[in-house]
Structure formats: structure tokens, C-alpha cells
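Every chain is named by a letter (A, B, C, D and E) in the order it is written, and numbering of its residues begins at 1.
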Amino acid sequence: AEETDANTLTVAISQQVDSFNPFTAQLAVTTNILRHVYDSIVTVDPETNEPAPSLAESWDTSGDGLTWTFNLRDDVFFTDGEQLTADDVAWTFTTIMENDAAAIASGNYVAGFEEVTAEDDQTVVIELDEPQATMTALNVPIVPRHVWEPIVEEEGDAFSDYAGDDFPTVGSGPFALTEHSRGEHIRLEANPDHWRGPAGFDELYFRYYSEKDAAVEALRSGEVSFVYELTDAQVTSLEATDDIAVNIADGKRFQAFTINPGAKTQDGEAFGDGHPALQDRTLRQAIVMGIDNEEIVQQGANGQAVAAGGYVPPRYTDFHWSPEGEEAILDFDPDAANEMLDEAGYDRGEDGVRVSPDGDRLELRMHVHSDRPDNVQAGQVIAERLADIGIEIDNRTVDPGILSDALYDAEYDLIFTGWTVNPDPDYVFSIHTCDALPTEPGTMQGDAYFCDEDYDELYEAQLSEYDHEARAEIVHQMQEILYEEAVVNVLAYPNIMEAYRTDHIESIRLEPTEGGNIWGQDGYWAWWSAQPAEGGSDANGGGISTGVGIGIGVVVLVLLAGGAFLFFRNRSTVEDRE
Amino acid sequence: MSADTAPRPPSADAEARTPPILRADSVEVAFTAGFAPGGGRGTARAVDGVHLDVAPGEIVALVGESGCGKTTLARTLLGLERPTAGRVLFEGDPLRYRSRDLRSYRRRVQLVQQDPMGSLNPRRTVYESVVEGLRVHEGTTVDELERVERALSHAGLRPPERFLSRYPHELSGGQRQRVVIAGALILEPEVLVADEPVASLDASVRGEILRLLLELRDELGLSALVATHDLGLAWNIADRVAVMYLGRVVELGTVEEVLSSPAHPYTRALLSVLPDSGVAEGPVVLSGEPPDPEHVPSGCRFHPRCPVLASGEAERAGVADRCVSVDPAILSGGAERRVACHWAAADESGRLPERST
Amino acid sequence: MTTTPIEADGPDGAGAGELPAPAPPGGGHRARRVITYVFGRLMTAVVSLFAVIVAGFFLFRILPGDPVRAMTEGREVTAEQRAELRRQFGLDQPLWRQFLDYAEGLLHLDLGVSFQYREPVVDLILERLGPTILLAGTGTVIAALLGLFLGSRAGWNPGGRGDRVNTAVALFFWSVPTFWLGLLLIVLLASGRGFMPGLFPTGGMVDPGLTGPLERALSTAQHMVLPVTTMVAVVYAQYLMIMRSSLMDEKGADYLTTARAKGLRDVLVRRRHAVPNALLPTVTLIFLNLGQVVSGVILVETVFSWPGLGQLFYSGLEVPDLGLVQGLFVVFAASVILMNLLADLVYPLLDPRVRP
Amino acid sequence: MSAPTEPTPGTAVSPRALARKRRAEALGRFARDYARNRAGLFGLASLLTIGVLALTAPLFVDQAHLTITGAPGDGHQPPSAEFPLGTDNFGRSILDLIIWGARVSLTVGLLATFVSVTLGTLAGITAGHFGSSGGVGGRVVSSVIMRVTDWFLVLPTLVLAVALAAVLPRGTGTIVLAIGLTVWPPTARLVRAQTLAVEARPYVERARALGGGHAHVMGWHVLPNVMPVVLAQTTLLVATSIIAESTLAFLGMGDPTTISWGGILQAARTSGAISAGIWWYIVPPGLAIAVVALSFTLCGRAVESVINPRLRGGAG
Amino acid sequence: MSGLLDVRDLRVTYATGGGGIPAVRGVNLSLDRGDTLGVAGESGSGKSTVALALLRLLPSTARVTGDVLLEGENVLEMKWGRLRAVRWVGASVVFQGAMHSLNPVKRIGDQVAEPLLLHRTVKPDRVGARVTELLEQVGLPASRAQDHPHRLSGGQRQRVMIAMALACEPRLIIADEATTALDVMIQAQILALLRGLVEETGIGMLMISHDLSVLAATCDRVAVMYAGRIVEEGPARDVVHRPAHPYASALSAAFPKIGDPASRLAPRGLPGDPPDPADPPSGCVFRPRCAVAESVCATVDPPLWPVHSGADGHADRHAACVHVGPGSPSKESESVDPTGETSTEETSR
């Protein structure tokens, strides 16, 4: 039923749109889409995963690392024909810095900014308060000032509620947003004049499916061309399906559980009700040794994950660290763990559960997100395994809200967590500094009440270390500390599983090329590079046209109704006598 | 308005000999009909000032056409309805409406309802329905079964075993009526208030039941108030008759007096329409709208339909004006013959109570 | 969860009980009585609504979890960003203050702002109301018609083959979870696997990219088939059961013999005489269900990605988006109250015996 | 048809023994009548089978096989001789899971139904009784109960259940409460309507004229007459409750670590079994719920036909 | 046999869980145009069953045999379509308990109009006028057509039923206890109305009542039923005032006569229990309660014998009692069929 001969690519999404205001949109789906509408000054190289030029052709740093100069391309035009200049970049950053309402989405990138100025049309200078290692990962959408300035002024305080729904949007990216039907679909049209060259598809549709199984069925029927966040069962079955290609990418996410080491505020005031014995590192280490990450991968993720060691997923080869040989003191070894505990005076009680030297029974609460199947399953495995080393787990698989309350009130012993790691891992490390501890109970920035001076020093050092290799080395050391302290314990890196129709999409670029993913790239490579398959990508490819469908439906209904009617008709003539 | 509100029995010594066991003392019952919140649609004066006595061992028939308030009066006597004015006296004491008092009162005074179809719980067997009163007052007793069987055979359901485990829908209308009667008699009440107890029975069965009532009266001294529109029933068993019209007793006296020589035009009309009444003038079918307790006519409440007034006879007797404008006094309830009619009073003044001026 | 069957009584139960004695015609106060009646019902409705608003507000405040934390979970946000969000949503205010603000907003028909969509809840709801009414309305009407139709047949001849088959089928569908049935239907009829062609779309309301009104209408119709089927299958049993029992009660009525004696065919006896009477108890049920459809289609809408209020609620619940969820709560409750009010007002028109 | 009590000639029995005997006889009669209803027997048999299987599950289901680490098979194995209903994503036997899950599902279904039917019946009868015959005080009681009922009726059931489930500590008890406390209002309304109708019958007035108090009227007359409604409601609510459990799980309010039919369905759903075509994971739990619900309905019908004198002796 | 109604050997058996109940056991009736036939009898003797059987309105549990000839056509063998055409046009019924016989949610006018439209008795545009005419005929203002039944009093509803019964100008009206529930005043009005109708239009009327005085005053002939049989049949006045059958005389004697000193404070009933229809006594079913029973009554189930009464000796009266039979009770007559019982058991359909 498609009328235009435009090439259309349809993606099944499962998240609703919060806002298309690039200053406030936070949800993954919207930031992902906005990435195709607005360029950022730097991007990620799909081959190497390294920072790569985008709006900025090149950049320089001053010696102290506090002044950054970005040189912009001169061939970038917004879709309304205006040229993108340094002024637009400076205005965008400045607005985020100065306007609280505009800082909701990207405020973290400008936290250390002192000032942003447009030196000339093609040069932007950013002054920093302190060194900031994320300067080459400034994933901030650059908006046209001439469009947004009036909006910001007009909306004032209400700017955060501005939905950015004046379509088509004006941006410099490879696509323009042209339609949004809430809860149904989002339409993007290719920007034919994009400086990188036009995208392969003329139109992108993001169709909303609130039920993942329905989305997979839609892929089967050809209603959509791409589905992400698949389960292993779905992958197995889709792999065997014609015209469908499955992409299993290295995970960006780590799945972890943290152990309450005794929650404290920044002033050192203890709060919460974590099990006191957990302040003992030996116990924490024994717990980690009692858990087989490999088994979690097999049972919890049905093999679709990689067992973890360090903190950063292996996909980021430079920053990834994994305990090898001597370092691997916490590998799965229940015997050793038992031995350690015996030595440390954790004697088994009559029921086989150990008691701490202080006389506390080792019955530990474990909070698990009930809405994350992989966590639920991993939680069950952990509970069963820890029984082997004499620790009883009270498995509390709960609503995320309850879990989050338990975490912030420090009323937990073991709790699940997990982060998606960006190419620049700064943020996920920042949350374990002592600064992330709560100023008063309930205000924690991080997720583990972890505080270690050595770690903090290393963190500061990596921030100002602009040499990539040196920085990676520091990052490795930080991971080793995290590993040994056994407060933050990474279990696995779940694979990213997605599938697309090969009869719709001829080719598509992964990021990174090896083991990379399609959905949720840090750049816009996938949809920009996707090429339509020969024979067209009719959205109804696998199905039957609307008319026929309705026809069949009506016929079936009429038959059913008629059958029922006749059935009763017969009877009622018999029964007529009464 | 009325000089006669406090009943003053003319023959006090007759009263003293047999003080009434049950007495309605200027009872009024009004219903505020309508269900809309806050919105009534007028008041139906179903019983509008009735004095009535039932002496021990006496059977009083309450006759009148449909809707005149017989059932309402009967229910009021049992305390099922609270009078809006006046009171009910039992053995000279006013009826109290606390649950405990009502309970012991109802141990001794029983009601037989008008509608035998509805008076039995369709999910209870005959046995359960009859034993209900016993259970309420005495709990489970050992001789329950015998008492139920005795009550059933009394009521003419013989042999009783044939009926014990039947459900109401397995009975004929007459049988149901008799089960209800058995249920009332099992408590061996002193007073029976029966509302159309034999309406749905054919003549032969009806006779049986009436005989039973007379027997009980003779053997146990049962008193009864029987509400009915069947004048024959009054003739068959009642000592006295009270004729009701639109919430008032309009004529009162012994059965012979009232039925043989009716004084009130309404009573006359009632008797005249009986198919084989043999009334010389032929049946007097009353015309006009049926009486409506929400709109009680002024003056004599019967005057809009009164054949005596219509025929001009009242005019001739010189009471026509009074008929239209003056409400005859409420009759007192004693054993005397009384009529609430201006015309009859003018005609045979001796029979009438003191009139209001 | 499916709604439970209701055989509600008429206004104040008057429909079920014995009725007051007939009033003679020509009551001059009739108009006033009607007004008093309507006014009384309105007042009750307003009081209920108020109670619901208060309940709704506090009910969701006691839900565990912090919406701002939940919204920013897994994202790289700073404490300032969180504080800003909290300030924007008014969550930094004391509870009573929040309630007063909320209540004041309600007076201007302002249900507050959705946390995740950052749009006035009223706008969001209005946007989704149409699709929900379309889906739920169609479903309820079909379910009611089907249920009443089959129920009247089953109840006319209880214990017969038609009765047994029909009630068993209806109860089977009543007993299966909505999402289970919905997903099975998708797999069987929409995905085009095996030899079955994909007859219907797997979700959504209209194919994207269609512009012509006719095209869109057809596409919507096609999209509606599966969700409506699911909804109907799951709920029609209660109409069937109620109609059935109500008709069984009515079956012995004397006026039916009158109708037969007049020479009416059996079908007409049922249709013209028995059903109108048996319908009375079901009317309140239908209205009550109509009120609940708005909230009752959460599952269907979620499974079939139908852009309606149910789906909105589901998405709001995940966050939890307090503004949205409590706004929807008020709307859901209000729709039930409204429909109950309508039922109260319509009932007397249908049953002459309870006219004020 | 036998008389309710055969007199025991000669022996003097205490009233209590008599009452007990009569009750036993009534029960026996009930059982005999019930036994004549084929469909009812079938329903009862299937319920009993499921119930017994659930109760004795620990005897033949190895609990270790129900743990993830102790799963006996490979993930997603289709039905085979070893696993008659195949395996789930961990390799646990789905048949075992279903049998084990019956424990929680039946508990939830029965208890929640019990809670809501009891609440609804009590509220309905009280409101109906005092509304029609309680005098001013009674009418106040009645209208208070009805307002509360209306209020609950107006609240979206699901929403309320979700809120309750979220606030109370997780567990089967919470689910029971969340369901039981939210689905009773329709029952209350229904029962009240019926009570009002019954209260208007002359036999209630007769009971009062006989001296019976509130308890007598409610227990002896109203209760038996609202039983059909209550029964019908009960049979429908069993299904509703079991489904509600899975619906709560669907909305993320359940406890995914509990093995219940709803939980299995939900696990199947989250593991993508439906679109992966793993029908043996998704179909059996759904059917199990339907079978229990249908069995209850059959039993309910049979009980109704036994206690309703008009349906007695009719077609079995 | 060209009478309006001719019922021959009508038998009705209700099937119940505990076996069949023979409610009607061989009833013969005949009625001519312009005649009124009264049926009296004990409660439960099968009067209503006969009335309903005439138009095949009995529930499906009832088994009916015999012939019901309505204007020569056998109702029991009619096709359904033909039967429906006959209903209300050939014969109409005023049911026992008119209160419940009207549909509570339909307007009076519509209910009266329904058979008119259905049988196309009058042109559709004349229906309104005809309804008005009918209502006025029974003394109701035309404006009442707009009312629902609950706004009418019992007497008024009864009159609506009668108006409805007259709608299609049927040849026969069956009035089943049309006045029992009413008080004497309304009863008198309705009886007057019915009598007038029969006289004016010459229709036939079958009137069922347990009030003998009503029957005596209204009917030409009266039949008395006992336990599913007609036990006496003859001119109304004779049957009521000089009954020949012992049951009829018991019934008549039990009927109270106001002013009759004999019945004053002495209600008369009929001792004994009515027979169990499922297990009737042998011989004459009335025997156990009969004051004049003889030994022969235990064996002979007497048919209707002619009773010679009055001077002319013309046998227009019949009674089913050995005492009225010709000659000695023990002598069998050729017209007696003592084995009449056996045919009850057989089923013909």
C-alpha cells in the first residue's frame, strides 16, 4: 500500500518519545533519533571506535589542557539552507551552561566549562575550569541558533516543557524529523544535502511496539525491517528464518552487583542497615569467588553474554581490563572461598549458614530488578551458588522503585546494577569516587557507596591525562582497585542482539566494524549507511495488502456469525413449540 | 377537630368484662412514596385513624375493597410498620418497638400474610418453613418434628410426611397457604392476625381452614383479626365485622347486624354486588375513580362515589352539605354497632356516635 | 485482569426490589422531581470524583521509588540535573503543597505535567482518548452485542446444546489471560509464518505513510481486527452469563405466555418481550463496563501497540510518571463515574417502573 | 425424596446432637444430589486431581530440578519422552513447573477469591439488609458501605492492585490481598441488588413477624437466596484471580522467582518464547488456568443446580 | 359437531422428576357461539391446564392427547404456522392473574396493538383508533394507552387484558379466574362487561372460576371438575343449586351464603385429602371423601351419566357418579367404559 517509490526503512522501537527538544530529551530512543537530526562536533570512528571528526575537522589543546580549539567545516548547512557556523556551536554550549532548563540532557558534558566562544565562523574555543578527558566525546547536538534562540526566549522557564515538535526540524544531520505520531511512529526524511553525502534510504520510520514479541512478529511479516533488544530464544529462531539476518554485537553494558560496604555520607556518618560483616573485604571477596560468571552467562543469559572480569566491556579494547594470571585472585573457586571464610572466623552454624566473628548470621538480602530478565536469572543463580559457601540469600526480586529506595537508603546487602559504557568511560568511573558519596542519606551520586583514596587519585589523574595510552593505563589501575575491593562486582557483558530483513536492507554499517552494533550507535553510521535491497522494501513485503486482509477478516466474521445464526436457527424452530 | 378523639365506650361495663387483648388506638399509617432523593411525591394515608378492639376469644373480620388499608393495618398491629400516629396496645400495654420487646410480642401474636406464593422462601422446604418460628424462639428442640407434623395436619395437610421435604413450587396454591397457616399456628399464638387467609382456596378447602380457626378459638381461646374482601368469610366465622373504606373503619358491628342490615351506603353497595345477593334494588356498582389514599376527599371520604348522595337521597335527608364538607368522626373500636355516615345518622341517629359540630 | 461481572441494580436498588405502589398519573411535581433526582445524582457523582482525586493523589505518592531517579537511571546525569528535574516537577515541595497545587490545577482542568513526556497530561490524554474510545468502544459494543445475543439464546433454552457449547466457549476465553490470547493471535494471524499468511498487522493503529482518509480508515479497520477480537473474546462471557441468568429468571414470566397466546413466533416472544425485560439488569453493567473500558484495555493496547490511554498508562507506570499516572487515574475514575451517572439517568427511561 | 429428619423412635436425643445429625444428613443429601451431576463430577474430579498433584508435588517433583543451576535438561527442548512438555529456557521441565506452579496459582486463585467473595458478600448483604429494613441507623450503615463500595468500584481495579502490590512486601500473600481487596466491589453490588430483591419478598416479612432478628433474616433467608449469585461470582473470580496474578506479573508487579502459572507465562514472555515459536512454553500454563477455571465453573453449576430447588431433578 | 369448541377426551400429563402427573384425565367439553360455559372445581383439579391446552400453551413438560376442535379444526394437530394464526383470532385467553400477564416495560397501547398488527386484523393506520375503541369498550380512557402497566390498578389491568383479548374479535374467549384476585366491586364491573360482550357479539366464552355464585350468575352451563375429570355438567343454575354429584354438592354446600343461618359460624368444608394425582385411588377417585360411597365405587370409575332432572326429563345434565346412573349401581351399562383409565398410560405422540 505504499504509494511513493521512496525507499523506506522501518525500525521497531519499544520506548516512547519523551521530547524532541535536544536540550531536554533524555530517553535512549530520542537521543538516538536526535543524533541523526543534529550533528555533534565530534563523533566516533566506526572502524576504530576512536574519536573522529564530525562538524569539527580538527582540534587543539593548550598545554594545561584547559583551552580547546575546534576548527569547524565550512560546508555544513542546516536543512533550511543557513550555514552552520561557530556561532551556532558556541550558542548551543552556552545555553546549556547558562540555562538550567536546557541542561537537562547534556549538562554533564559542560560541567567543567568555563566559557565557549566563537573565534570566527569556523573556530570555537572552549575554556575549562579543570581538565576534562571527555572533550573528544562531546556528544552534544548542535542546533541552529536562529531557530532555537527565539524559542528559548519565548518559552523562558517553560523551555524544559518545549517538545521540539515543529516539523520538519531544522538541523544539519543526515535526516530531518518530519512527523511524529505519539505512540505510533516517527518519520525521518533523508537530508539530500548532508555534507557527508545523502543517506541510502529516503525515509526512516520508527514504529512503536509496546510488546517485544509483537515487534519480532512484525519483522517476520515484513512490517518492519529492523528489531533490537532480542532475546536469545528469538535470535535462535530468527537465525533460522529466510531473509532475516541476525547481528550479535559485543555488549556495551555490564551487568553487576554491588555489595554494601557500609554506607557512609561524605562526612563519614554511617547510615542504612547493610549487613555489618560485609565491611570485611575478605567476606566480599569470598562472595565474588563463590559466583561463577561463566555459569551466569550460560544460565542467566543463555550464553548470550561474555563473562566479566573488569569494569569496562572488552568492546572498548583500550580501556578494557581483565584480571589475568596472578591478578585473578577472585576467579570462581568455592573451595578457596570456603577456606578463606573458615580462616577468617566465619564458622558454619547448624543449618550450614555461616556466622560472622561478631556473631551475625550471614543471611544477606539481595535486591534484583524484577523487570530485567537477565538480572532475575542471574540473581537466582547467585542465590543458589552462595548457599554452597554458607551464605543464605534472601532473594528480593523487586520493582525497580523498591530497589532504588533500598539502594539510596542503603538498606541492602547485595544489589544489582548495570551501566552502558560510552566510548569515553569517564562517567562510569566518576560514580565511584568519594565525591559521589551522599552529602546526606539518600543523595548519593553513584551506586555503591564506594570510596577509596587511591582510586580517587587515579581518577583525577586520568581526567587530565590527554594521552590516550597513558590514560588507558590509569583506567586499568582503577579497575584493578574496584576488582580487589569487591564492592562493585561485574558479572557479565550481555551481548547486543538485533535482527534485520535482508530483503529490505542490502548493507548496513556496524559500529565498530568488528562485533559492532546497529541500534544505539554513538554516531549515525547505521541508518546513514544502510542501503536498500534490490526489489524494494515494501513495508508490507511479507504480508498481504490491506484490502485483502480486511476482505478475509470480514468473510471470516460473516461465516462465523452466519454459522452461529444457522446453528441456533435450526434449534429455535425445534424449540418453537414451547 | 373531632370531639371524639378519645374513644369513650358507651357501655363501659361491657368493655370491662372483656378487655381487648389487641387494640388499635387511633392508628394512622402514612407512606411517603417516591424514591428520588429528597423528592417525595405526596403522602399516602393508608390507614387514617382506626380504632379497633379484638377481645380474647373473639374473631373480628376486617372487610373492604382492595387498597383500603387492611394489610397495612394488619402489619401495623404486628409492629412491622410503625404507626405515624396512635398506638397499638396488647393486653392494655402499648407496643414497644425495641427488638427484644417485639420478639416476645411476636411469640404470642402471629401473622398470616396475604400472598401465600411469596410468603414461603423458595429455597426452604415445607419443614423448614414451618419450623422457622420455633427455631427463632426456642432454637432446635427435640420434639420439633412432632410439632411440625401436628401443625401441618391441623392446617389440613395430611398426611404431613408427604409434604415435609417439598419445596413451595411443588405445592398447589392452596397447599402453600396452608403451610403458612401451619407456620403461624406452630407457636400456638394467642392472637392471630390473618390477611386474606383463604383467598386462593376453593370453597371446600376454605371451609376446612375456617373450621380449624373456629376450633382453635373454642379450644385454646385464640383471638383473631381476619382481613378480607370476602364477606362470606365474615359470615362464616367472625363475631364482629369492621368495614373499612380508604383507611377508615366506616361501619362496625356484629356480623348479623352489619351484613343483614347494612347502614353505610358503602357496605350496602358491597353486599349488593354479590352475585346472588338478592338485594332488591339490584347490584349497585360504584362508579368513579377508585379511592386513592394520597388524595383523600374532603368531607365524608366516600362522598364522591356515594350512591346515596348521587341519587339525591342525602339531599332529601338534608345531609348532602355535611357529606361534602364534614368528615364523620372516627369510630371507636368497642363492641357497639357504629356507622360513620351522615345520612345513616340522620336516618337512624341512635346508632351513631356523637357527631362533631 | 479482566473486569468481573456485575449485575448492578437500578438506581438505589429500586430496579431490583419491589416497587412502590403506582402513583396516579398527572403528578404536577413531576418536573421538579426529575430535577431533584438528576441533581442528587450529579452531587453524588461530584462527591465520588473528589474522593477519587484525593485518593489518586496520595495513592501514587506512596508508591516506592523516586520518579526522577527512575527516569535518569542508567544515564550520565549530575546531581544538578536531577535537582533541576525535581524542581520542575515540584517534587521538592512538601506533599500538602503539591496537593494544593494539583487541586488548584484541577479546577482549571489542568491535570499537571507528565514527567517523561514533559507535556500537559490533559493534552496527552486527549490525544490518546480517540484511539482508546475507538478500540474499546468497538470492542465493548461488539462484546455486549455478541454476549447479549448468545446469552439470550443460551438462557432461552438453558441446558441445551447451544447453551452448553456457548457457555463453555465463553468461559474458556474468559479464563485465558488477555496478553496470552493476544500474542497467540499475533503469532497465528499476523506474522505470516508457516502456511498462514500474515492477514493482519501485528500492532499499531494505522500504517505509517498513508495520507488519504479512506486509506487510513481502511488501514485502521485492518489494524483493529486482532485487538478487537482479543478484547471481545475475553470479555463477552460476562455479558453472556448475565443475559443468560437474567433471561432464565424472566422465562417463567406470565406475560410470555400472553405473548405466545397472541400468536407470536418463539423468536419474537423472546426478542420483543423477554429480552427487553431481561436487558434491564444488564444495562447498568454495560454502562459500568463502558466506564471501565478506558482503563480496562491496558493489556490489549499494550500487546497490540495501540496508541491509546491504556498503553500510555503502561508506559507511565514503568517510570513511574506520577503526573501522568495520577492524571490517568482521575480520568479512568471519572469515566466510570460519568457512565454510572449516565446509567442512573438512562435507567428510568428504560424501566418505566422506576421513573421518578 | 426423604424427610429432612427421620424420627429416631424411643431414643431421646439432645437438640444439639439432633442439629448435628440434621446437618450431616443435609450434607449427605447434598453429596448424593451432586453425584448425580455428571459435569459437576467431572469438574470436581479434575480440580481434585490438580489439587492433589499440587499438594503431593514434592513427592515426585525433584525440587533441585526446579532450580536454575540444577535444571536437568537443555534450554528450550521441545516435548519429548523425558520432558513431556519440553523445557524452559533454563532446561527445567515445564511439566514439573506447571505442577509446582499449581501450588501458588491455586492458592492465589482460591484465597483471593475467598477474600473477595467473603468481603463482597458480607458488604452486599449488610448494605442490602440494613438499607431496606434497618431504620435510620441501618440506612446510614448501608449507605456508608455502599459509598465505600462505589468508591472502590470507581477506582480502576488494575491500578489499585498495582499500587497495593507495589506497596506491600512482595509475596504470595500480597498478591492475594492485592487481588482480593480490589475485585470485591462488583460482588458486593451484585449481592446487594439481590439482597434488596429478597428483602422485599413477603417471606422476609413473615420471618420478622415470626420474631426473627437481623441475623436470622440474613442467615436463613437472604444468604441462601444470594448463593447463586455468589456461586456464579466465585466461579468467575477464580479465573479472574489466577489471571490477575499473571497480569500483575505482566505489569512487573509479580515475583519472577516464584513458580506459578502466571509466573511461567511471564517468564515465557520475557524470554521471547512466543515469537520464537516455543509454543510448549506458552500454551500449557494458559491452558492450565483455563482448565481450572472451567472446572470451577462446572462445579459451580452443579452446586447451583443442587441447591436451587427449581433446577433439582432436572437434567443432570 | 359444528359447535365453536369441541374438546374430546383431552388428557394432559406433566412429566416431572418423580414420574408423570396426569393433571387432566379425559375431559369432554363443547361450546356453541353465544354460549358461556363455566368450569368450577377444586384447586389443582386441572382447570387452568385445560384452558392452556386449548391453545397449546402448556409447557414442554406437558404431554397432551385427545382432540381440541376449534371450529372443526384440531388445534392439537395444527402446523405451527396455522396454530399461530389461530391463536388470538380463533380464541383468546384472559389469564389467571392479569397483574403479571402484561409486559411491564411496554405501554398498554402497544401491547393491545401487538396482536392487531401481527394478525393484520385492521389496517396499520387504523390500529391507533382500534386500540382507543377497545380501551373505551372496557371503560378505560384512551389516554391510558400511553401508560405502563404498573400505573394501573389490578382491576384496570384486568380490563386491559380483556380489551386485548377482544382485539382480534376472536370467536372464543377463555377467561381463567379472571376475577378471583379482585375485590367484589371490581369483580362486579368486570362480570357485567363480559356478560355484555357475549350478548352483543355472540362470541363463545369459557369461564373458569372457583366462585360458584359468579358462575351461576354468568354462565349458561357449568362443568365441575375433580381430579382431572369433569364430574358434573349441566345448566348453571341446576349444577350450582341442585348438584347431582357428591363432590359438586360438597362444593356447593361449602360455598358461603350470607344471611343463611346454617352457615353462620359453621363453615363447611370437604373432609379428607385430595387424591394424589400420581397415584389416584381405584374406582371413583372421589370415593375416599365421598359421604355416600358404596362398595361398588371402589371398582367402577363411572363415566358421565345423563341426569334426568326437571319435568321434561330431557337429559341436558350429566354427572359421573354411580348414584345417578341408570338402574342399580352394580349393573353395567353399555355406555360405561370402566377401563377408561388404561388409555391414560398410552402415549400417542
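Everything below uses one rule, namely that a contact is a pair of C-beta atoms (placed from the backbone, for glycine too) under 8 Å apart; a residue touches a chain by one contact, two chains touch by 3 or more.
None of the values given here were measured: they were computed from a predicted structure.
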| item | value |
| --- | --- |
| Identity of the chain that, by mean CA position, is farthest from chain B | A |
| Selected interface, A-C versus B-D, where C-beta contact pairs are more numerous | A-C |
| Rounded Å distance between chain A and chain B, as computed from the means of their C-alpha atoms | 87 |
| Mean-CA-position distance for chain D and chain C (Å) | 24 |
| Distance from chain C to chain B - Cα centre to Cα centre, in angstrom | 53 |
| Set of chain E residues in contact with two or more other chains | 153 |
| Sequence positions of chain D contacting 2 or more other chains | 1, 166, 201, 252, 269, 274-275, 277, 312, 314 |
| Contacts with two or more other chains, residues of chain C listed in rising order | 23-24, 63-64, 179, 183, 187, 191, 193, 265, 314, 318 |
| In the complex with chain E, residue positions of chain C that touch it | 19, 22-25, 253-255, 257-265, 272-273, 276-277, 280, 350-353 |
| Complex contact set, residues of chain C against chain D | 1-9, 13, 15-18, 48, 51-52, 55, 59-60, 62-64, 159, 167-168, 171-172, 174-181, 183-184, 187, 191, 193, 237-238, 241, 245, 281, 288, 292, 295-296, 298-299, 313-314, 317-318, 325, 329, 332-333, 336-337, 340 |
| Chain A-facing residues of chain C, complex | 63-66, 69-81, 84-85, 88, 113, 116-119, 124, 127-128, 150, 153, 156-157, 160-162, 179, 183, 186-187, 190-193, 197-211, 215, 218-219, 221-222, 225, 265-267, 301-305, 307-308, 311-312, 314-315, 318, 320 |
| Parts of chain A lying in touch with chain C, wherever the complex brings them together | 1-4, 8, 10, 16-19, 21, 24, 26-27, 100-101, 103-104, 107-108, 111, 160-161, 163, 179, 181-185, 187, 203, 205, 207-211, 213-215, 217-218, 220-223, 371, 399-402, 404-405, 408, 418-420, 422, 427, 443, 445, 539-540, 542-544, 546-547, 549-550, 552-553, 564, 567-568, 571-572, 575-578 |
| Complex contact set, residues of chain D against chain C | 128, 131-132, 150-151, 153-163, 166-167, 179, 183, 186-187, 189-190, 192-194, 196-197, 199-201, 228-229, 232-233, 236-237, 239-240, 243-244, 246-248, 250-252, 262, 265, 269, 274-275, 277, 282-283, 286, 289-290, 292-294, 297, 314-315 |
